[in-house]
Every structure is written in C-alpha cells, then in structure tokens.
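Both of the next two complexes hold chain A, though its partner changes from chain B to chain C.
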Partner chain A sequence: MSRSAVRDALRGLLLFLVLASTFFLLIGRDPVSMFGAILTAAAGSGYAVGESLVRATPILLCALATLVPARLGLISVGAEGQLYAGAIAGTGVMIAWAGPPPLLLPAVVLGGMAGGALWALLPALLRNAAGVNETISTLMLNFVAALAVTWLVYGAWKNPQSQGWPATVEFPDIARLPTLGDSRVHAGLLIALAAAVLLAWLLGRTRWGLGLDVLCSNPRLDSVTSLSLARQVLLTMAVGGTLAGLAGIAEASVVQGRLQSDLAQGAGLSGFLVAWLAGNRVGRTVWIALGVGALLASGDGLQMSERVPSSVTLVVQGLLFVAALGAAAHRDRGTRHV
Partner chain B sequence: MSSVDIVLAGLLVSALRSAAPLLLALLGECLTQRVGRINLGLEGQMLVGAVAGYATVAATGSPWLGLAGGAVAGALLSTVFGWLTVAAGANAFASGLAVWMLGLGLSAYLGTAFVGVRIEGFPLWIGGLTPTVALALVLVPLTALWLFRTRSGLRWRAVGESEHSARALGIVPWRVALSGIVVGGLFSGLGGAALSIDITRTWAEGMTAGRGLVAVGLVIVARWNPWLCLPAALLFGLGEALALRLQAADSAVAAHLLHMLPYAVSLLVFTLTCASLRRDPRSGGAPAGLRAVFER
Partner chain C sequence: MHLLLSGIGKRFGAVQAVVDADLEIRPGEVLSLLGENGAGKSTLMKLLYGVHRPDAGSITIDGRPMSIDSPRTAVALGIGMVFQQSTLIPALSVRENLVLALGEGRWWIGRRGQALRALDERLQALAPGVDPEAAVAELSLSQLQLVELVKLRLRAARCVVLDEPSAALAPAEAQRLWSLIRALAADGVAVVLITHKLADVRACADRVAVMRAGRVVAQVGAADADDDRIVGWMVGEAPPAVRAPSGSPASRPPRLWIKDVSVGVARGIDLQVRAGEILGLAGISGGGQAELAEAIAGARPIDAGEVILDGELLRAPRRAPSPSSRLGVIPAEPLRNAVAPALSLGVNLALRRFGELPFRVDRAALERQAAQLLERFAVRPADPAAPAGSLSGGNLQKLVAARELSQRPAAVVACYPTMGLDVTATAQVYETLFGLAGDGTAVLWISEDLDDLLHYAHRIAVMFEGRVVRVLDAAQTTAFELGAWMTGLAGPVGRAAAGSSDEVFA
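Moving on, here comes the complex of A and B:
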C-alpha cells in the first residue's frame, strides 16, 4: 500500500469511529461496550465465527463480481440481480433434473453460474450496442430479477406443501454444496477464496490483467493491447456474473435450502461498496468482505445481548461506507478515464 | 362483481394515489439531476421520510405535520450525499449507494418502535383522492414553471449544463448543486412520508421497495422535464394499481409479473435515450453536466 492509501484508511477509520460512536451515544449506548459487543457477537465463539463466514461468502462473491468489470472502468451494481438469476437458474436445474443423481450437484452449481453470467451479459450487450450506461441498466435489472424470483415462488415453482409460504421445494441433500462440520459454512466460501486467488493472479500477473488496466486508462489503446474493448466488456461482466450466480445458488441450496424471495439480503449492495472501498484490489476485498460479513452477522447476537434491534448493524455498515468514501474521496478525483 | 369489474373499478384514482409518492420523489430527483448530480440515495431518503413522517403522525396525530417531518428527514439525509459528492468530491454512484444503505439502516432502526402501530391518515376527499395527490399534482406545474420560467431556475439549469460557464457568469456552482441535492432530499422525504402516512398507513422495513431507484430511472424517461414526470409516474402508478387489483381478483401470479413493468419500461426508454445520444450527442434533453457522469 502506498503511503497515501494508508493515510486514507486511517482517516476513514477515525471518521468511522467518530460517526459510529456518535450514533451509539444518540441511541443512549456506551460506544466502547457496543463495539465490544459487536466483536463478541461476530467472533466470540466458534458458532459466531461460522455465521460470520456464512454471511461474508455472498458478499465476497458479489464484491468480486463488481471488481472484475471495475478493472475495465465499468461501474456495475448488478451483482444482486446476477445473484438472483443464478439462484433461479440453479433451482430450475434442480427442479427439472432427470439425469443421474451424482451429476445433480455439479449441474446445479454450473447452472447457477451460467444464470448469473447470462444476466450480466444483458447490460454488457446493451452497453456495446447502444452505449447504455451499465450502472443504470444493472440497477433496473436487479429489480427485474428479484421480482422474477417472487413471481416464480408464488406461481409456477411454488411448493404445494409449504402451506402458503411462497418458496420452492427444498433442495435434496445431494444437490447441496458440502458444509464444514456442524456449521453452515459451505464450500462456496472455499470456491470464493480460490476465485480470489485466481483473480489476483489473472489481474495482477498476466498480459490480460495488464491489458485491462491499459484499456481502463484509455479505451482507445485497444489496438496496442490486442484486446477488443467490446469483447472485454462482455468477458468481464460475464466473469462477474458467474461469481455472483455462484453466490445465488449457494444461498438458495445450502444456506436457505430452497428458492425464496429476499434471498440476497442486500449482499449485492454490500459487495459493491466492499469492492469500492478496497479500491478494486482483490486482497483488500477479501478482508473487507469478511469484516462486513461479520458486522452484519453480529446483528442477531446484539439483539439478544444488548437488546438493540439488529438493524443497528445496518446503520453501522452505512456509516462505515460513508466514512470511507468521505475520507478517500480526493483519491477518486480524475483517476477514471474510461 | 365480476373479476374484470374488480380490476377496473376506480382504476385511475388508485393509479393517481399509487403514483403520488413516486411523483414527489421524481420531481425532486429531476431537480437534482438538472443541477448535474445523480442521487441513488433517493431510496434511503424516501425511507427515512417514510419513518419520520409516520413517527410524527403517531406522536402528534397530524398528517400535515407528518408530511413536514418526512420532508425534513429526507433533506437531512441528502446533506450526507451533498457532503460526499460536492464537498469531498466522491463518486456519485458509490455515494448514492452508501446513502441508500445508511437510510435503509436508520429507517429500520427508528421504525422498530412503529411496527404494528396504527395511525389516522388523511380523510378521503370526494372521489377517493387525498391531499397528497393534490400536493403532488400542484407541484408539477410549480416545479416546471420555476425551472423553465424563472431566473433562479435558469441558474440551476446553467450549473447542470456547465459548471465552468456558470462560474464565469458569477454563479457559485457548489452552492447551486448542494441546493439541488437538498431540495431533491426534501421532495423524496415528502414522497416517503406520503407513502407511509397516506397509502400504506403502516410502517414496514424497506417499504419503499425500490421506488426511489425507479424514480432515478424515470427521470431519464421523463427527459429531465417536470411536466413529463407526471405521465412517467402515472405509468408506475397504473402498473401498481393494476397489480394490486389482479391480486384481489386472485391473479397474484400475473400481478408479480406486472410489478416488473416499471423497471423494464425504464430500462427500455433509457436504452432508446442512450442510442439516440450516441447518434446525436445534443439530443435527448440531458443536462450536459450529467452526460459526463454517464459517458466515460
């Protein structure tokens, strides 16, 4: 990290502590004990650590899904919609499966990834064909995908045995990613970490990664890099969509056991801001995603130990991002050229 | 009544009522985008407006005070966006999302005490209309006339077109930009309060359900023109009113499909706008300052 990045991080941390402490004081709580309670609830026991990792997994995947197109200068906020599309596609494979049972799990996972990738290709194609700004298009497509889930679980895919609760049938055990011991931590976390390592290498050490950096700094240089900008828009969005789609099918199959509304729990939004705060660096993205996942997972524990609504953690998350954006803002000025 | 009657009876009134909160937010975002800023935090501002308005009515019993309380809360939250983008110079999209997240958290926290609390909203006027519908409808011409026919409206538009030229004319761009953001916050807070006080008459976490973000898209559909905000909002209101009726007529499935309509239409019109902008950069009616945000 350069010296200015360290200074930004410290300034952001300080600002965050001031803002969060002010918020705790305003709601009549002692800031020191509240920070202590958050730490305990997030990492105080094996169970707590497990829940934090479960919550962090989709956030990490969505952050990576934001990061890859961002390396080309694209601001995609579509991870949430891609997550839903992945969950829909994977669930569809599970429902329609007629092949041999041992192949069901890989088919479901691949289906989820393909669903996310296809959903991400839509804004990429629109951008290439008509110059449609990807931020607005992905934002709108998020809602279409989320509402498609609602439509399916109320309609065609509704489990008749679920007594009015809108959800699909449960995933059979053979269609679920393996979990770690008794916890809910699942193989999706390992895949996410492996993807992070692979991306760090691809983006930082290969000709392709260097080509993306060149295209990001000046799109007219595509002849120099022998990379076509339009094709890289498609590729980076699809890679991102694949990762977000994986998050979706993992949430549906392992964590919740079925497809239902509100599956994402804001992971796409958190993931976007995580990637942004990490300056689109893979290593930092992993750590910040784990931290934000732990913060959000601490909500339930706080509700019991401190008798505050779990939404306190949502406020703290918002303050964290506001502080970091405010502190690092001058760095953003004039650095994007695409 | 047959199911067709259930679906169609008083549809326009219901559409107007559903559209009113969105129309308020839409007018606010229209002004914000006219000064060259795009605020995705609108969603969060509507949420804090909704909860603050609801809390005020629960405490005082006056829906008018509730609307005022919601507007103030929305304006207050929008100053965070103003600070991030105008003073600190942070990226508009990221700042908007951060403000959205903060508003989501704050409203969920403040709203815990009001889940299940009943309030008395506005009494219905003849024809089933309410004061919030009237307020939203009156604000359309007021906003449009102010923006297009007054000196200060011209100054705002000048800043949205080019901060550089505006500065040369002796305008202080950051002051105008901040005003545009805070007025947007005021309107969106008002819209949120109209939603919780007048339409749903309950508070629920995340109850705006994307209306704020749809407003950001619909401003583009409305070509940054307050007059056109009315049909754009009505499109959404009509979709929502139809969806509710289809649900009542036991066609819940079709209703969920219909909910997608405003988002799909916004995206479609946005695509057409972008395509025409690509052919002719001066068409489309977009403030030039905003184009710098979109086109990179």
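Moving on, here comes the complex of A and C:
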C-alpha cells in the first residue's frame, strides 16, 4: 500500500472513531466500553467469530456480484434482488425435486446460481437492447424480487404446518450446504473465498480481465480490439448474478433453513458499499466484507450485553461508510485539477 | 495591459515543466508562443491564468507585482484564456453562455430584453453567422472558438491567451481567426497565440517567443524571425527532412477499394487506393471525410456500398465490423477513439492484436515489450507503465501511430494524423506513414493541411457536402485550385463532376 493510501485509511479511521463516539455519547453510552463490547461481540469467542463469518458470507458474495460488472464500468445495485431470485429458484428446485436424493444438493445450489444469473441478465438485456440504465433497472428489480418472495411465502409455497408464519417448508438436511463443526459457518464461505481468488486471477492476469479494463476505460475501443461490449455486459452481469444467487440459496437453505421474507438482511446494499469502499479490488473487498460482517454480527451480542437495540450496528455501519467517503472526498479535493 | 513574467519555474513531480522563463506580453501586440509538444508553452500560460501556481519567479502587471492564485483572480485582473478544450457549457445556448460570462448581475432580471439584444448585436458584430439560439453542443470547432472570444470581449479582457486555436481549422476558418486576432490587438489587447504553425506567425504575429524544454530560448520581433530560425530554436537543430514519396503508382493494382459507400453525410463515395499510393482526402470539416474514415475503420456502420481490402470484403451494410490486423487506423481525436486512457502505454500498444494475446496475459511483459516501440516513435515520456491519459496530445498521436503503423498493414486510414504535433513529431509520423507507402501499403490520408497534401500525396480527392467533387493529381494542381474545390467555389463544374473520379485516370 502506498503512503497516501495509508494516510487515507488513517484519516478515515479517525473520522469514523469521532463520528461513532459522538453517536454513542448521544445515546448515552461510554464510547470506549461500546467499542470494547463491539469487539467482544464480533470476535470474542469461537461462536462470535463463527457468527461474524456467517454474516460476512452473503456480503462478500454480493460485493463480488457488484464488483464484476463494475470492472466494465457498470453500476449494478441489483445484488439484493439477485440474491432473492437465487433463493427463490433454489427453493423451487427443492420443493419440486423428484430426482435421486444425492443430486438434490447440487441441483439446489446450481438452481440458486442460475436464478441469480437470470435475474441479472434482465437489466443486461434491457441495457443492450434499449439502452436502459442498469443502475435504475437493477434497483427496481430488487423490489420485484423481494416482493416475489413475500408473495410466494404468503401464498403458493407457504408451509401449512407453520401456523400462519409466512415461510416455506424447511430444507431437508440433504439439501443443505455442509457446515463447519457445530457452527453455522457453511461451505458458501469457502465457495465465496474460492470465487474471490479465481476472480482476482481472472480480472488481473487474463485477457478477459484486461478486456474489461479496456472497455471500462474507453467503450469505443470495441472496434479496435474486436471485443463486444454487449457480450461483456451480459457476461459480467451473469457472473455477478451467479454469485449473488449463491448467497441467496445459502442463506435460505443453511442459515434460515427455509425461504422467508427479509432473507437478505441488507446484504445486497452492504455488498455494494463494500465493493465501492474497496475500489472494486478483489483483495480489499474480502477484508472489508469480513469486517463489515463482523460489525453487523456484533449487533445481537450487543443487544444482550449492552442492552442497546441491534440496529445500533447498522448506524455504526452507516457512519463507517460516511467516514470512508469523507476521507476519499478529502483526497480528491487535494488533487483536483482544473 | 503590459505583463512581465520573470524567472518563472514549475515542477510536476519529476518533470521540470518550466525553467526560469522570462516573457514579456505587450498591449496591442500579438505574441506568438511557439515550441514543440511538451516544451512548456501551455504550462507557462496556465501559470499566468492561475490554473497552476509557479514554484519560482514573479508576474508583474502594468508595473505592479501580482500573485495569481486562481483563474478567478486572473479573470478579475482582465486576463482571459481560450483553452484547446472548450469551456463553454454544451447544453446551454450561445446566448445563455454569454450571459453567464457577464458575471453576477442583479438578483432580479431587469431590462432583460434590452440586455439580450445588446448581447446579440455584439455577437453578430464579432462572430457573424453564429445563431445565438443554437446549443453550444451543435457548434463547429471554429464557431466554438468565436464564441469563446466573444465571451472574453464581453468580460473586457485586456490580455487574451489562445492555446493552439488554429490546430483543427480549415484554411478559410483560420483566415477568419487571424483577422479576429488582429482586431483584438488593434483594440489594444495583449494577445498571446500558442501555436505550432509557422503560418500563424506569418499571418498575425508582431513578436515571436520560442520555448524549448521548459525554457524561453528566443524572444524577437516577427520580422527578425524567419521560418528556419524559428524551427531551429524550437528543435535545437534542423528537423529531419521528410522525403516526398517517389514514383507514380498509377500502374499498380488497387488494394483498398471504397465502392459506392454511403455513410452519414457522405454519399456514393467511390475511391481506389493503389499499392504504394498516398491518396489524400481533403475537405472542410463536416464534409463527410470523418464519417467515411470511421466507416472504413469499422467504428461506424455503413449505409450502402462495400469496402474491399486486397479483394476481400472488409465492410458492408449490416455486417458486424470486425477489426483487421491488415488495416491500420489512426482516427481523429485519439484520446476519445483510439486509446484506453486509464491503462498503460504497453497495454494500449497491444490493443490492435488484442485477439491474438494468450488467455493468460502478463501486463508487465506487455509493458516490457513496448519499450522499444515507444523509443522508435519517440513517445515522451517513454514510460511503458504510465497511463495513456497522462500523455500530451502530440504524444498520444505518436502512441497511436506506433500501434497502427508498426504492424506493416496492407492499408492505412489516417485521419488528421499530425494534428497537434510539432515539427519533429510531424516529420516522424510522415516518415513512417509514407515509408509504408514506399513498401506497398495503400494509404488513405485525411488532412486539412493543403501544403502537406500537395507535397506528399500522389492524388488528392476533394469532398464537398458529402460527395467527392474532384480527384486531383497532386503534382499538377495548386493550393488555390484545391481550396476552390474544397469550399465549393468551383461550384457548377464541381457539382457536375460529383462522384465521377474516372477522368483522373483517363
């Protein structure tokens, strides 16, 4: 890391500490003990670490789902919708499955990934065919996908045994990704990390990644390089959707055990912010996603130990991003050219 | 306004852009500031305009030392600058842009109609033919410059700096610019004209200052500076002479055949470029040359006709334009059309053979391979890892020329390949371009520099309002005749001959 990057990070951290301390004082808490409590709740025990990793997994996948199209210059905010679409498709496979039981798990996971990819292809096709801005269309499709889940779990897919609770039937054990020991950390995390390593290589060391950088820097170069911008729009959005869809089916099958509303817990938005904060670099994305996951996961522990609502961590997350934004803005102003 | 710059120095990182520069700018005189790309002309003037702040030296205005810390201060002092890139707001109309230039008025709009009429009259007087209602985005380059000048006049600027205003103008447009510059000086304004072109000096300069490698190496009256001396100061030595292409290729077979092509305003263009031939394509801007070049390059679909390269169909309507490694293309506006500004020089040089790269790409290796090519084409700075967006305009042209010409293509389409280049760089690009023709490449060369066209091209096709009105033999025509065809003055005859280029072969 260059010296200016270190300075930026320190400046952002300082700003974050000031903002968060102010917030804690406003709600009548001692900032030092609150930061201590957050650290304990996020990483103070094996259980806490496990919960942090569980929370970080969909955020990391959604961040990668934002990052891949962003490398082409697309601003997709659709990871959340793709996550829901993946959860719907994977759950649908589980409900409708009539094949041999050992194939159920791969079918569910692949179904989830395909669902996310197809959902991401919609805005890509709209962009290619009619020039529809992908930021707006992915944002809108988030609502469609989230409401589709609500519609399904209140209607056609509602579990009759759930006594009115809007959710589908539970995933059978053979349809769940394996977990680590008796924690809730599941294979989705490994897949996400493997995907991050693969993406880092593909984006940084291959002709494909170079082509994305070229088109991102100047889309008119398609006639020089024989790259097809339209094809890369489809591909990057589909790759992103696949990853977000995986996050969705992992949340539904392992973490929640069934499809229900509010499955995403804001992972799509957090993922978008993480990718932005990481400057769309894969390595930084992994670390920031883990940190943000830990911060959010600490909310439950905080609720018990400090008797504050868990949404305090959402405020702290917001302040973290504001601080990073402020540090970046400060740097940009310092180097502005006329 | 009398300005005195003394001992000015400015460093950007490792580059000392301006070194101990002294310059005098006198009221009522046109000072022509010359120098090669990267000599520090624009930087020195940006220091005067407050865009950058000098590390050393002082600026004295009318005898009083001044510190100019921002363009706002410069404007308040009465200094105005016309940049190469227009600073007008494209979405607004000409009139609205001019109203903005007037600065803050009262918060209510009093006597609006009267003020606007006065504005329109001023515009009409200084820039006849520019519609005050027109959106700035729709103006031609020369009209943009006129409006920029009108804006400076409205602000009553006492010192006006023009940064290479003539670089992209057709001869008639340049004439108009020169007379406006003379009019400015006649009103007592101190004018600085940054330029590469010796023609600008001859046409309107009172004094000449030459910069080389950040220093002001000469400052003399225009009468004391003949072309050879100026060029000598600019390059420090005599520039390499470019040999005019030899031999008539009239008997050779055609390689690039543009067959009844229609695209944009260009209609029914039929041209053949023979092996080893340099076919110049002249015309005033908007005549359809640019569209034709883009269509051949594959950057724009063609409406009708075919483009054939060595007997193979290259372009046709509704056919996906695939890049060909056998066609070299130097497009207009390279920063917009030919390079990825965020990526390194090494990567940019590899773009033409992008499809042939292995799946595993080592970007550092691409940069290592590029070093030699950058050296050969004298791209400065020759750092293959530097982003292309950091290069100056002239060096970008050299970068694109290096990529497109070093592969020995069967045909080359070059659109204003020396625009913004200095004497040495122009010679280098011409040397390469015409050297290729000597080896049998067909060269289609779009240019507005009539002297160069007459000197280097074998034949010159002239476009006017979308049609080829005439194909002239360069050896048997004059700049006057060429200009007449370009501007449609050779009217009825030209119209009658439209589209028929056969008579030249007859």
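Definition applied: the second predicted complex is superposed on the first by the 325 of 338 C-alpha atoms of A that agree within 3 Å, B and C clash if a C-alpha of one lies under 4 Å from a C-alpha of the other, contacts with A are read in each partner's own complex, and residues count from 1 in each chain.
Methods note: a residue touches a chain if its C-beta (ideal position, glycine included) is under 8 Å from a C-beta of that chain, and two chains touch if they have at least 3 such contacts.
Predicted, not measured: the structure shown is a model, and the values here were computed from it.
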Touching partner for A:S226 - first (chain B), second (chain C), both, neither: second
Partner chain in contact with A:I249 - chain B first, chain C second, else both or neither: neither
Which of chain B and chain C A:L290 touches, first, second, both or neither: neither
Larger contact residue set on chain A - chain B or chain C: B
Contacts of A:L210 with chain B and chain C, given as first, second, both or neither: second
First (chain B), second (chain C), both or neither touched by A:F321: first
First (chain B), second (chain C), both or neither touched by A:L177: neither
Contacts of A:V132 with chain B and chain C, given as first, second, both or neither: first
Set intersection of chain A contacts, chain C complex versus chain B complex: 338
Of chain C, residues touching chain A in the complex: 51, 71, 297-299, 321-323, 329, 336-343, 347, 351-352, 354-355, 357-363
Chain A - residues contacting chain B, complex: 27, 73, 75, 77, 126, 129-133, 135-137, 139-141, 143-144, 147-148, 150-151, 154-156, 266, 269-270, 272-273, 276, 309, 311-319, 321-322, 325-326, 328-330, 332-333, 336-338
Contacting residues of chain A [partner chain C, same complex]: 205-211, 213-214, 216-218, 220-221, 223-227, 338
Of chain B, residues touching chain A in the complex: 40, 80, 83-84, 88-91, 93-95, 97-106, 108-109, 112, 205, 210, 213-214, 216-217, 220, 252-253, 256-257, 259-260, 263-264, 266-267, 270-271, 274-275, 277-278, 294-296
